[in-house]
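As written, the chain order gives the labels A, B, C, D and E, with residue 1 at the start of each chain.
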Amino acid sequence: MLIARVIGTTVSTVKDEKISGQKLLVVRQTDERGTAVGKPYVAIDTVGVGVGELVLTCAGSSARQTSQTKDCPVDAVIMAVIDTLEVDGEITFSKS
Amino acid sequence: MLIARVIGTTVSTVKDEKISGQKLLVVRQTDERGTAVGKPYVAIDTVGVGVGELVLTCAGSSARQTSQTKDCPVDAVIMAVIDTLEVDGEITFSKS
Amino acid sequence: MLIARVIGTTVSTVKDEKISGQKLLVVRQTDERGTAVGKPYVAIDTVGVGVGELVLTCAGSSARQTSQTKDCPVDAVIMAVIDTLEVDGEITFSKS
Amino acid sequence: MLIARVIGTTVSTVKDEKISGQKLLVVRQTDERGTAVGKPYVAIDTVGVGVGELVLTCAGSSARQTSQTKDCPVDAVIMAVIDTLEVDGEITFSKS
Amino acid sequence: MLIARVIGTTVSTVKDEKISGQKLLVVRQTDERGTAVGKPYVAIDTVGVGVGELVLTCAGSSARQTSQTKDCPVDAVIMAVIDTLEVDGEITFSKS
């Protein structure tokens, strides 16, 4: 899974019927401190997150293993909200 | 999913029979403003888009989850047209 | 799918029995003009191509969706020969 | 599989129910000497490792082939602890 | 498939039971001349190779399509030994 920050939202009227009603969030991978690295991508929200939160995204066929995304043409989902990250004995990110 | 712009078309006479009649579009990944980044790739159009539009593409086995691409040897599909992108509270892309 | 040029051939005597008799071609991803970018990789030919031709390659589990590669340990196939590419209103590649 | 070092831990309260109780470790890919390269990612621990250990991680649908991660929305698992790496006739990494 | 050179071996005592007894080789992707490019990764040997040989590796779910790796948590296998590579009319690699 990638550590990613939710940075925005996508509005799409014309889309595959299987993703109708699903929330398409714009995210960017971050490092262990929550600093953005790499290009933005879009993931389906399956846990109820807001813009600004740090999350985990899961890619590929594994993105279809949630009850919400089963058999859908989606290759990235948000499946966890990160509360804290601890790296090398240091809290590098804390949600509150 | 990747944010991508449709930049062109591919004509192919000799191809796997399963993709006969499918529209092969040339796309390039973009950032949240629709600015192209990275190399071009080819995706199957499943929603009816035109050159110039900003879309979402889905990769890997998930690209076979649309009714049109089921069991096909394709690893990228366009499954949504982007109307607007909002990032950090700003509309970074709008279709019209 | 990636746009790629067939640049060579691979001879392999010791290999998985499922790919016995299959043609292993060396390809390189190209841009929309057929100019090589990136590192060479090897793809199974399923449409009958020759060295020098511009093709589409399909990766991952989707590479096993042709009748020839079903259930085979292969992660890249050539599933289309490109006749022409048109990008931004210009013919950027033409086969003949 | 990638050679990776376990560098930290993730705490997540809100997450997909299928990964409830699973240990989410922060890892970084390393070279054959255990020197970190690339960005951090998160993998499910299926073999019982601690921070600092060198491990193998497996990605994609293969990450769901352990008894612990079957049908879970996870795309990276730790499925082996590395004792030693020998490259070009030299022991480049030893656990103890 | 990637062209890769076998550069070493991995010893792992604690690992998923499904890969017990399987040979874990360290490989690096090469170009068409056998010159290493990119980072090392680990692949399961399914054809009986030795350190120094040039091979093809197959990734993702396709890595589970050999009889030896079926249903295993592995995302890379060696499924062919390369005898010769010919690129642009020149033998760029020969095993003997």
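Throughout what follows, a residue touches a chain if its C-beta (ideal position, glycine included) is under 8 Å from a C-beta of that chain, and two chains touch if they have at least 3 such contacts.
What you see is a predicted model, and the numbers here were worked out from it, not measured in a lab.
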State the superposition rotation angle between the two copies chain B and chain E, fitting on C-alpha atoms only and giving a multiple of 5 degrees from 0 to 180.
145
When centres are defined as mean Cα positions, the distance from chain D to chain E in whole Å is 20
Centroid of chain A to centroid of chain E, CA atoms only: how many Å?
32
When you check chain C against every other chain, which residues touch at least two of them?
60-61, 63
Output the ring sequence of chains, start chain B, direction chain C.
B, C, E, D, A
Counting only contacts in the complex, chain B reaches chain A at residues 1-3, 29, 31-32, 37-38, 46-49, 56, 58-63, 65-66, 77, 79-88, 92
For the complex, which residues does chain B have touching chain C?
7-16, 18-19, 24, 26, 39-43, 51, 60-61, 63-64, 71-76
